[in-house]
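Each of the two complexes below includes subunit A, the first together with subunit B, the second together with subunit C.
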Partner chain A sequence: MSAAAMSLRNGWRGLAFIAIPVTAIAIFLFYPAALSIIGTLVRPKDGGGYTFSLQSYVFFFTDSYSLTNLGRTLWTTVVTLILLIAVNLPIALYMRFTKGPLASVIQALALFPMFVPGIIICYALIRYMGPNGWLQSLLNLVGFHHYASPHLTPWGPVIGLIWDGMPLTLLILISGLSNISDASIEAARDVGAGRLRILVSIITPEITHSLLIVSALNFLGIFGQALMPFMLGPTNPEMMGPFMLRTFSSVRDPLQASTQATITFLICSLAGIAYVRSISRRPKEDRT
Partner chain B sequence: MLRRDFLKYSAAGAGLLLAGPRVAFAAPGVLDIFFNSDTNVIDFWTQVVKPGFEAAHSGVTLNLVPGGGGSGINTLADRAYAAFQAKKDPQVDILEAAYPFYPAGSLEAGLWVDFSKSGLANYDKVNPVVVQSPALLPYRGSQVVLMYNSDKVKDVPTTFADLAKWIKANPGQFTYSRPDLGDSGACFIERALQEVTGQKPELFLPDNYTEGYAKPMFEKLWPLLKDIQPSLFNGGEYTSGNTASIQLLASGAVTMTVAWSDMALQAMSQGVVPDTTAVAQLQDLAFTGGFSGIIVPSVAGNKDTALKLADYLVSPEVQNHVVTDLGGFPGIKWEFLSKELQDKFAKVAPKSIPVFPGNWEPALFEAWYRNVASDIKR
Partner chain C sequence: MIFLSSRRFDFFGYGILLFLIFFIVLPVLTVFLWAFAEQWFYPAVLPTKWGFRFWSLVLARPDVWSAFATSIELSLTVTALSAVICLPAAYAFARMDFPGKSAFMMSFLMANAFPRFALIISIAVLFLSLDLVGTFTGVVIIQLLNTLLLMIWLPTAAFKAVSREMEEAARDVGATAWQVFRYVTLPQAFPTIAAALLMTFVWTFYETEGAWLVGAPRIRTMPLLMMQMINNQLVVQYGAVLSVMLWVPSLVAILMARRVIGGDAFAKGLGG
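Let's look at the complex of A and B:
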């Protein structure tokens, strides 16, 4: 058998392997999503037939209420993302360069949120940081009486989402940092580089990919979140997740809800593209 | 267990998992009942309705399934309607705390069973005041009440006007839930709407909502709600549900809120709120209440058994338990309840419970978000 035929046969076998998941995705994800997106553009006409209309999008982008909600969602996403990286990068660096029982304890603590369901976190956070909660009582004990609870303010969901996003962020950053060889750092140290210089010139370029992946994945996770903003956030402005849910089930306006979903999808797909580009470029660079 | 046995059983288990749902649905004696209500109601069915009914009808099993909230129940109603149009078994026998008004047009098309024409032996006992549609069988009711800390509130408001005055005189001490997330908040807004339109609940009927009719009335409502907004908890913040309101009261963050009577009584008996917690009702026009009922698709595979269960549900036997075990109001007239209960509740048994029609709510809630909530100043 020639090498070409062999690789062709392997190719078919490979395709057969991915056929089931791809078909499942196509049937259960792409098809209903496409139906819903097309449904926002092609509307049934009075007296039969269909007509193309951008009316629901025009409504969304001229409606200050909807735009405020979109703005709040972007704000929450960006602020949460920045804080997530600011909190997790130092922990990841610490764990990359420290061995021992304390590092293990910190790792276990940081990964702990992964094993707690979101709804439990929400109720626990309300009890903890809510008005007259534990945190306020503790602060009162040490004589601090000006605590303003973040519960039901825009910072409520930010705190909840940081809790929720920590394990994933940390795992990706640690795996990115573990790719940096000790040898390169020691080499830099040998030629007299200080700690800051090592961080800026050796470590940062090596983990740009990880940072991109972390940002893209968290963006996707946070932007469409419904639970945290709805449990911990203010009544208004709403984030897109609760806004879509409410438009669908309470206002009973499936058209506007799918329009909101399509807009959310388009914004999230930007993060998706960044993620896919980032992981598909990786192997090529590794080969060089 | 031997390894071979283990393999055999797990293969059988996997087979059951695959075939399971279909077998369960096709089984003639299994009634699939989906709940919109909270777990306290499902507990009530598990402990009272299910054993009682299964004992009286051998071979019948009630499959009680939490329906996943409003949108989940709507999806099931959509499924029932699709099956109805295709003349198939929707695999839904009963929807609890749902309305026959969704999906639009389903009631007129005949999707839901008309209980008044189904020969239920106990149907005559049902209180006509609480019947919104013959396709909806009301079996439990509750009413929204003021829930407050009697340590701090000595003179509890007895009229809505007094309540509004109290809220403004005690900034930050009152809140209500977002109307779409907690019905107690919805009832507060609806009572306010009745207040600004001259305390006439008869203005709001299940079949008279039109945008033109409702809008002038809504316009009168916003000034009142915006006026009290800065005096609410945290300068105008609304809770994310009935339980969340009670939580704020329990932590002492607010002094008064609105709550469902059954949830308030339960919280008080479980001690999750301070001992000094009390409930009160407005005396000029009571807060709207609500009756939860069941609906049965006319194409349900187990329709006959479902109707037997419906009949059992409005029997005095179960209705007595609705009052004693659930803290709710009966769906049947009080004269059919036990003598003991009639005497005990003579003073609080409401002659009528104002009911606000569900089909007004989508427009009212959406307008509330746009006109009131969007006005919060920070």
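Let's look at the complex of A and C:
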């Protein structure tokens, strides 16, 4: 068999091996997404045929309840994202530049939420920070009596989502920081650069890529969450996740649920495109 | 210390530790306290009466057992299906050359670039017209999609890590392609593949949102039962006992899996 024929055969076999998962992704991810987007735009007409209609979008964007929910989702996303980075960047920096038992303990604790399923996190947070929860008892013990529980307020989902997003955020930031060599920082110190200067001129440029990935993934993660906002957040206004869930399951209005999903897709496509672009720019070998 | 003076850095470290104790350790500890509390009235700092009474009450509930059976059946089905369709694909991505390889790999990563719940909604709308809502098959499909990425990318990395020299050496002494795979490639890749299977199983077991939207109320999995018990807060301990009972074995399993895989693989796989 000639080399060309061999590689052709190999190529077909490769394609056959990946055919089923690729088809599954196409049929059950891209097709429904496309279908629900098209389904909100092209509606069946009375007496047969189809017609183009923006009516469900007009409803969404004139319905003050829908708009408030969208606003609440954006607020939660932005606040959670800022807090996630504000909390995790110092931890990542600490772990990058320190070794020793304390750093290992911190690493173990900070990555721990990865091993806790979402439903158990919700339960733990409700019993801990909820009204008359353990945190309140502990605070009472030290003489603090003005605890206002964030449970069922807009801050409830923020706290839950930070819990949930912490390990991944931290891992990606640490992975980005590991690109910085000790030598480059020492060199900067030798020529008299201060701490702030090192942070701005050496560390920040190296982790821009990681920050971008972290922001994009968390944006998608927070926007695409239903469980945490449902369990920990208020019901009015609510985030897009529980809103879509209720529209689909309780109100039984799949058209409006699809419209809400499409609007979510559109807003998230910004983060999605940023994510895909930044991973496709990585060197090929790395991508597996 | 090259970045900050060491004493200040230690101080900083203890600050982080304190934050993590309050933010992460204490909430988890709360669950354990509740699981062994027979009576705990606010504002007592610790349970007023300890005991195992609620463990026997939980174990005596038929809905717990039926949800447990459903969840195990679902997780086994999904993990097995996922392995059957993903492992050959992982091998192809690691060892074969074919047209459009990187584009196909991208299409898997692109599944990450969608807001998850909006996708679940659009799948559920499609399932509504296919009569798959409220069926076991519907839940299997939606959970299977969840596992594809992990099940392809971890084994791909595992197959890539197998040394090509060893495979070629085996070919040179006359092994067939299948023998090379069976006796050289697979044994070396096996620990990572086993870890990926274990993680898929545990993740599927705890998958909540897809099962909730597509399965409820007819298919009731363990997380859905837990959700119901958490929301009807009549007996706080039920949720706590279930959490501890189920989560401790899965924690051990995941920790074992993670020893094999290592944290960096996750960050790298997601583009970090």
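As a convention for this text, the second predicted complex is superposed on the first by the 259 of 288 C-alpha atoms of A that agree within 3 Å, B and C clash if a C-alpha of one lies under 4 Å from a C-alpha of the other, contacts with A are read in each partner's own complex, and residues count from 1 in each chain.
Simple rule for what comes next: a contact is a pair of C-beta atoms (placed from the backbone, for glycine too) under 8 Å apart; a residue touches a chain by one contact, two chains touch by 3 or more.
These numbers come from a predicted model, not from an experiment.
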**Prompt:** Between subunit B and subunit C, positioned on subunit A by superposition, is the outcome a clash or a fit?
**Reply:** clash
**Request:** For A:Gly14, select first, second, both or neither according to whether it touches subunit B, subunit C, the two together, or no partner.
**Result:** second
**Item:** Touching partner for A:Ser181 - first (subunit B), second (subunit C), both, neither
**Value:** neither
**Asked** With the two structures laid over each other on chain A, which partner does A:Met231 touch: subunit B (first), subunit C (second), both, or neither?
**Response** both
**Request:** Based on the superposed arrangement, let me know which partner A:Gln55 touches: subunit B (first), subunit C (second), both, or neither?
**Result:** neither
**Message:** Just checking: does A:Asn132 make contact with subunit B only, subunit C only, both, or neither of them? Give me first, second, both or neither.
**Reply:** both
**Asked** Which partner does A:Phe248 reach: the first (subunit B), the second (subunit C), both, or neither?
**Response** both
**Message:** By residue count, which of the two partners contacts subunit A more extensively, subunit B or subunit C?
**Reply:** C
**Message:** Which partner chains sit in contact with A:Thr204 here, subunit B, subunit C, both or neither? Use first/second/both/neither.
**Reply:** neither
**Message:** With both complexes superposed on chain A, which partner does A:Ala103 reach: first (subunit B), second (subunit C), both or neither?
**Reply:** second
**Request:** Would you mind checking which of 60-68, 168-176 or 258-266 on subunit B runs into subunit C after superposing?
**Result:** 60-68
**Message:** Shared contact residues on subunit A, subunit B side and subunit C side combined as an intersection?
**Reply:** 126, 132-133, 231, 245, 248-249
**Request:** Under the touch definition given earlier, write down the residues of subunit A that touch subunit B in their complex.
**Result:** 65, 68, 126, 130-133, 149, 152-153, 230-231, 234-238, 245-246, 248-253
**Item:** subunit C residues within the subunit A interface of the complex
**Value:** 1-4, 9-10, 12-14, 16-17, 19-21, 23-28, 30-31, 33-34, 42-45, 85-86, 88-89, 91-94, 96-102, 104-126, 128, 141-142, 144-145, 148, 152-153, 156-157, 160, 206, 208-209, 212-213, 216, 223, 226-227, 230-231, 236, 239-240, 243, 247, 250-251, 254-255, 263-264, 266-272
**Asked** Hey, which residues of subunit A end up touching subunit C in the complex?
**Response** 7, 10-15, 17-18, 20-22, 24-26, 28-29, 31-33, 35-37, 39, 87, 90-91, 93-94, 97-98, 102-103, 105-106, 109-113, 115-129, 132-138, 140-141, 163, 166, 168, 171-176, 182, 185-186, 189, 195, 198, 210, 213-214, 216-217, 220-221, 223-227, 231, 240-241, 244-245, 248-249, 254, 257-258, 260-262, 264-265, 268, 271-273, 275-276, 278-280, 282, 284, 286-288
**Complete:** So, in the complex, the side of subunit B touching subunit A is made of residues 69-71, 74, 102, 178, 180-181, 234, 237-240, 244, 247-248, 251-253, 361-362, 365-366, 369-370, 373-374, 376, 378
